[in-house]
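In what follows, subunit A forms one complex with subunit B and a second complex with subunit C.
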Partner chain A sequence: MSKRQTIFKEISPSEFFYRNRDLAGFSNPSRALYAATRELVENALDACETACILPDIFVRITSATIDGTLADPKPYTLKVQDNGPGVEPKYVPDAFARIFYGSKFQLKQSRGMFGMGATMAILYGQVTTNKPVLVTTSVDGEKAYTFEMMVNIHDNTPLVLNRTVKPANGKTGLSVQLTLEGDYSRSGSKIQEYFKQTALVTPYANILFIDPNGRLFFYSRATDKMPKPAKETLPHPLGIDIEALRRLLKESKEPTLKKFLSKNFHRVGDNIAEDFLKFAGLDAEADPKRLSNDEITRFVSALHSYKNFLPPDARCLSPLGEELLAAGIEKELQPEFLAVIQRPPSAYSGFPFIVEVGLAYGGKGVEQGLKLLRFANRIPLLYDEANDISWKVVNEEIDWKRYNIPQDAPLTIITHVCSTKVPYKTVGKEYLADRPELERELKNGVREVLRRLGTYLSRKNTLAFAKKKMNIYEKYLPLIARFSADLIGATKLPNYKKLLKKSVEETAENFEEPIVEVENKPIENKVVKLEQRRLEDFSQ
Partner chain B sequence: MSKRQTIFKEISPSEFFYRNRDLAGFSNPSRALYAATRELVENALDACETACILPDIFVRITSATIDGTLADPKPYTLKVQDNGPGVEPKYVPDAFARIFYGSKFQLKQSRGMFGMGATMAILYGQVTTNKPVLVTTSVDGEKAYTFEMMVNIHDNTPLVLNRTVKPANGKTGLSVQLTLEGDYSRSGSKIQEYFKQTALVTPYANILFIDPNGRLFFYSRATDKMPKPAKETLPHPLGIDIEALRRLLKESKEPTLKKFLSKNFHRVGDNIAEDFLKFAGLDAEADPKRLSNDEITRFVSALHSYKNFLPPDARCLSPLGEELLAAGIEKELQPEFLAVIQRPPSAYSGFPFIVEVGLAYGGKGVEQGLKLLRFANRIPLLYDEANDISWKVVNEEIDWKRYNIPQDAPLTIITHVCSTKVPYKTVGKEYLADRPELERELKNGVREVLRRLGTYLSRKNTLAFAKKKMNIYEKYLPLIARFSADLIGATKLPNYKKLLKKSVEETAENFEEPIVEVENKPIENKVVKLEQRRLEDFSQ
Partner chain C sequence: MSRGDSKTLASRRKAEVKKLLRQLGQKVYEDLEKETFPEVTLASRSVSNIVYDERLKQYVLGPSKTRRSAHNIKHIRSFTQLIWLASFVNKLVETSKTSTLRDVFYSSQAYGVDFSDQSESDEIITDLEVLLSKAREDFNVYPEERSAIFGDLTIEYTVPGYEGRRLNLASHPDGYLIGPSLSTAEFVDTSAEMVIAVEKGGLFTRFVEENVHKRYKALIVDTAGQPPRSTRYMLKRLNTELKLPVYILADGDVYGEHIAMVIVSGSVGAAHLHDLTVPDAKWIGVWGTDIVKYRLPSDPLSEIDIKRIYELKKDPRYAKGIWQRELDMFLKIKRKSELEAFAKYGLTTIVDKYLPEKLQEAKSL
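Up next, the complex of A and B:
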């Protein structure tokens, strides 16, 4: 008999993530400052878009110590404010100071996926600086409630220290201010890159960021057009496992299996329901609440093997659209050539997704070589690039020789995946798993934009060649004309100018298509240049 | 006022990981079968080692369907059984069917780190096959309790369907049997590789694995020596944040801050406690329970800036040791040359760690080129290699030209990191984050084994050169001797054989060191060859 008995105990969800911060991207002061900023900004953008409000986002990071010259890592105060619909005051304590309590637990495209970003940022701030978080919210524009809170990590419960009410002056929205140990000297460039790329896929937002050195980065709205908001959707039969089915059956109010199927599943109508139940060998008129364990198992395995379900409908998704994507690229990169493509909707394991790919050739300050910008549900993904499925596609699966693109061409490839469930491999939302369906769509998208660039470049070469030829004509045609005239003793030169003009026109014809290819849709030219000014400019 | 109010709700920890299986490595049937196997095997090994029992591990994966010819993915039954100390029956339901309830939540080196592997495997099995798990345990060798259980995912509570008691026939230990959807045709080679590498770092274990095709893989014990078990340790001051300090203060039974420090922290005695409190500007005689919020903040920031704390003591760790590592490599790879090194203990953020590096040159069935085998707390890490700090060190930070090792040399480099807290970046335990302290130790370890290989190879070259020289001597010396004798008219040849013998001896002297370099420690030659037989061999 052993004396060393194992000791078991239970920990709360807050405790788990407090102990394992690396898992959520809060590994060190540099990563934490980056992660906290993006989690709060992403919540702000999600809130505005859900309510169809053009986002105005204000972000400020300031040193939290009186001695501003203190070396990193040191405490910083992070404030993120939006003009969204706000959060009902009664939800605030749980929503912000409790892990696994949130608004993202539904089948709907959103930036947030795990419902824990803001709480993780608050928790990290608390354990590194011992300062409470301040959350101010107004849902009606009349009253603004401010909560001063901490997290009781041991029990995973909120601890409200203070609550005040003030007039909201007609403004709805949310503001979160927290103090955390950070390292801006290491993470500053990533944070700036994050805002730049966010602006690229959110051209309908105003984003103002003030960094700890007082530098002001203003990404102004380039268009008033917003993508239509994402909708919550019913689960697709392919994405259903036994647990999910059991719950649906338990909560079912339908009297028969046939009605149960057509009411609870995505794209299943009466006809398909009937055909499926026949296939599964289940009674269409049976009571959903009375299925046996064996029948439930059979039900699920039939759901996965039945071939006639319709594919998921991507109308619940909110892709950027080719127009907005092109506007964002044009605004941020100002390339010589750009191509964007939205692939047709597809699905993996019952979750619909849409891939969008953009390509920019050349541009302001763009260096030689290939740069990949990855986005998922409008979030820029900046870390762990080499793990991402897009990286694999671009670097390993594309046969570059086919496109006649020089190796050192100044190329930016943009990939955007939107889905009701993005297959992230970490809570830190850094990279996507390689699902075969996703891989196929990305590959086709990248090939298409490369093909268009190849065409553009070969036309450009043709034009350059034609111009060179024209230069030779312009130089020698007059001489030949004169020589021929002299030879036959003519006094008047032949009209070689007409010939020259015709050649020029023919060449130009070959090249008159626009350089922005947006599948025949016109692009509104509302491009506003990126403004990047120092705060001092404002105080003049 | 907005009409689209956000809806908030809470989910349980089981629910969270049920929805986000990718996070714990259960992405698809192939990965899930691999992950479930390793999680249960690692629990079994941890249990045996904690109780100082030489592990006998039995693992069997069988098709769970009657029709064995069904194509993958399909249900498999996985059974893992050990001869460890068992789990007290009263803990079984919570320990196996409740997320965040476990035995790994302490500061101690173990394979498990997140305390959720077994529950995740059970949960995955349940949602894919609707089958309960069977857990059999005996802690006294008299009675064996079998629990038939499921997880109530919605509430994160165990659901015991049945509980039986049988005689244990003198055997303690634990057996877990679950049914899950898997894909052995895709994951089989990874699972086999997992066992092979596990045997390499666990040469004191018997591991028997029977795969779904009835093939039997037996990794037999090569030594009875076990590493001394890891010990639980007090937290080091450098690893303490505000939350941890607040808790320690709350639970403190010491009357003064000085006593509080010397009782609750790793390697802090009365002298250091006194000096530190002076440095922090805190009263050594103050009551730990009465510190103000500001004092606590000051306390922690002083803990992180005080320079005279002793580094963490690695005696709580259980590295493999050079002897066992060499035995494992010898047994599994049978190389032409091997070198192993254990680096001195180091620490990151207050967590002690030890790096061990092994190198094998050549060997049975070893291919040309470099192969990296990564281990952490005796777990082989098989996925996402390119993200790992060891990969970065070996591929990007080593100046290979310095060691004169041919590019296509058949080289295996083994890295093993053991720590009370391995800095994994995912719950799936696939790769380590790049902490600078870890990077430094790995780099130094790899450099050292490469240096030794370089020396070996250059000696081998010298020997080869000398042998060649010797061959020439052997061929021409007799001729020269005869020629010289003829020249001076001597009838007896000079004794060139003596000369030849001396040369051979000199050459051999340069090469008489053993090819296994284990820092002057003798290595027991208990190497048993890997046995890999078909089950049929047994039934004869």
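Up next, the complex of A and C:
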């Protein structure tokens, strides 16, 4: 039984979350449309990645009213479809129409934390429009099951109104279609920005989005490589609280505390277990199920003060990697220069994390001035930028003068934090808390990419200067030769060409590498017309 | 006066300029042949290097030098412009043609040396003056502004097409423009015993009408405000070649006094040129003391006038004699009068009464 269910048994979780929908980002029609889109897209991407399928995501928002001219806020129909493994039909009602039922109660990196985002969206749609949700799934590619459902908010139970089966035509995947009150005129630009940034951090996905005005946005896949999926891990001792320990002890099958420790915790073996128990003053041979309340409290405080636990390893993380991050930046921003760095794994409070930082400079896709794009577990964070730790690092912790970067330079900095537990400050998943460990890694990452940009710029300046110098000599030396010949009435020009050649060589010697032009690729139009076939791939 | 002297002077000047230009060309040509970047060194014209020379009684350029090298990409453009200008004026001198400052600016465009505006080409002209220690008039470049001369002086032209032709400068009552052909003409004969330079065209005409040239045996020069260099050069020649004393009449204010001072000891802007001054020219009016003495109608000094007086009081050229005395006088009475103010006492008063008195007074200066 989960801790939360115990505490909130008086009202159903559905009811609790409906009452507190602000916490989950559903505070108004504008935010709700954005949050619902985001939750469903993130579930779709997670599903594909877990199954190692290159994601093809189709999203469509249409006005749900016949009178299309009705002013916002108004009902919209949101459909999100993926080519993932699908959900077993028998789990569909519980998975989509019941709070706290999902596949994400485990310790590995994923976009959603508890899998409640989609249900929240469904719940919100239901209470604002009283329309059922349509979920279509196929796990085998043979049969596609469509459920028409509503949530029984009072009981937190699913209510299936209709169920149909159709041939799946060889396609697996999941499609969720719900109707909710939204405000596209207000949230449209955020939703579009969300897709653009998602495309940047998911360069291996095809994402097709059709907005209520009929505009089509297609973000095409730039690479067939996917990040290595995260492995599930045991909890690290540092991340354990009293309730978690109580639960683990209760479910323990081990006869002794020593065995309990070495079997249930991340990077704890027999030696460390024995040493720790000595440190905690607990009997290594004691039965885990028989610990007293006092002993449990002592256990936890010892867990947090013991110094010899090994740091968590990062196999439970799935960072994007420098290659994919670079591909994403190249694809979406087409910068003149880019740099990416993946910091070594680190941990806060027993939760491992990896920081990745990218930088894009110049080119047609990078706006003038400094722009920060924040990501956490491959989710773009679009709100509350100024509260975020990355913002603090970039704006307060970096000594910009050191890098010789012009103040109004077209510069975009990308920060990506992946962790088994991203330290969000709110349930809304919009900004990250100030953790010293995180701050340190972000700072080092940002410094590194800025250093590389500084090197690039100074080199570019030197090259530009050398080139300019040669152009100037080439322009003026022949003139000087001609005028001096005129002046003395000579018919033959002085041999200035040797001097010109000599100075070219001198200039070239000052640079180890040959003078190269920076390649500038043309920017593609992101809103493209797709072939009919492509569209068919996306729709069932 | 001797005719032969002046002829030698004019042609000697021309030969000297040609030699200097050729030397410059030769050096640049040879440097390029030797695979070195050519360069020139010229006296710096920065404010800190403009100093007052007690002996010459004028501002001169001090000892600091600037080097302009084709190797420095910040210099190469102006270096090229300088060499172009040298080759351009070399042709002018050889063909005895003249050119204005504006002509120079436009001519450059045919040669690929782009001056961004005329002030840039004017700067380069000054550079060449500094480099060769010659005035631009010596290499046949003249400013647009022109002043006039009238009186019994016979000149002989040296410009092409007019060589040997003579003219008496009293033949036309409006006077003659002091332009390139007059500047290079040779002085043949004169009955004049002095030169009177006046600041304004109106007074110049009055002097002609009142026969000042006959009554005082004078050549009358209209400086048209602050005299251009060709006019100063003309005054200098009249003073040195014909040994005529020069008297200056300007408005009774600090600016009038300064016009006289520039004729006497040169301007800061031409600190690199040493033969434009007439050190023994006499400023005879209108002084501050004259305003009181002749009870001239006057206007109060403006704040700008007062500020200018204080500036000049610190200038070493004004340190002594009537220069400092009259500055103090203007400050004391806080009034100024124009030359025309004499008209209050009749149009001819300035010629009949004031001028003879002042010429008399000048003898004691």
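Following the convention adopted for this analysis, the second predicted complex is superposed on the first by the 459 of 540 C-alpha atoms of A that agree within 3 Å, B and C clash if a C-alpha of one lies under 4 Å from a C-alpha of the other, contacts with A are read in each partner's own complex, and residues count from 1 in each chain.
The working rule: a contact is a pair of C-beta atoms (placed from the backbone, for glycine too) under 8 Å apart; a residue touches a chain by one contact, two chains touch by 3 or more.
Since the structure is predicted, the reported quantities are computational estimates derived from the model, not experimental observations.
Of the two partner chains placed by the overlay, neither subunit B nor subunit C lies in contact with A:P352. Of the two partner chains, neither subunit B nor subunit C is touched by A:G445.
When both complexes are overlaid on chain A, the residue A:T129 reaches subunit B alone and has no touch with subunit C. When the two structures are aligned on the shared chain, A:Y473 is found in touch with subunit C, with no touch to subunit B.
The partner that reaches more residues of subunit A, of the two candidates subunit B and subunit C, is B.
By the document's definition of touching, of the two partners only subunit C reaches A:I488; subunit B does not. Residue contacts after overlaying the shared chain place A:P203 against neither subunit B nor subunit C. Overlaid on A, the two complexes show subunit B and subunit C touching no common residue of subunit A. Within the complex formed with subunit A, the subunit B residues making contact are 1-2, 4-13, 15-16, 18-20, 22-23, 27, 47, 50-53, 85-88, 91, 94-95, 98, 100-103, 105-106, 114-115, 126-130, 139-141, 153-154, 172, 241-244, 247, 293, 296-297, 300, 384, 386-387, 423-427, 433. In the complex of the two chains, the subunit A residues touching subunit C come out as 468-469, 472-473, 476-477, 479-481, 483-488, 490, 494-496, 498-499, 502. Within the complex formed with subunit A, the subunit C residues making contact are 21-22, 24-26, 28-30, 32-33, 35-38, 70, 73, 76-77, 79-80, 83-84, 86-87, 90-91, 111-113.
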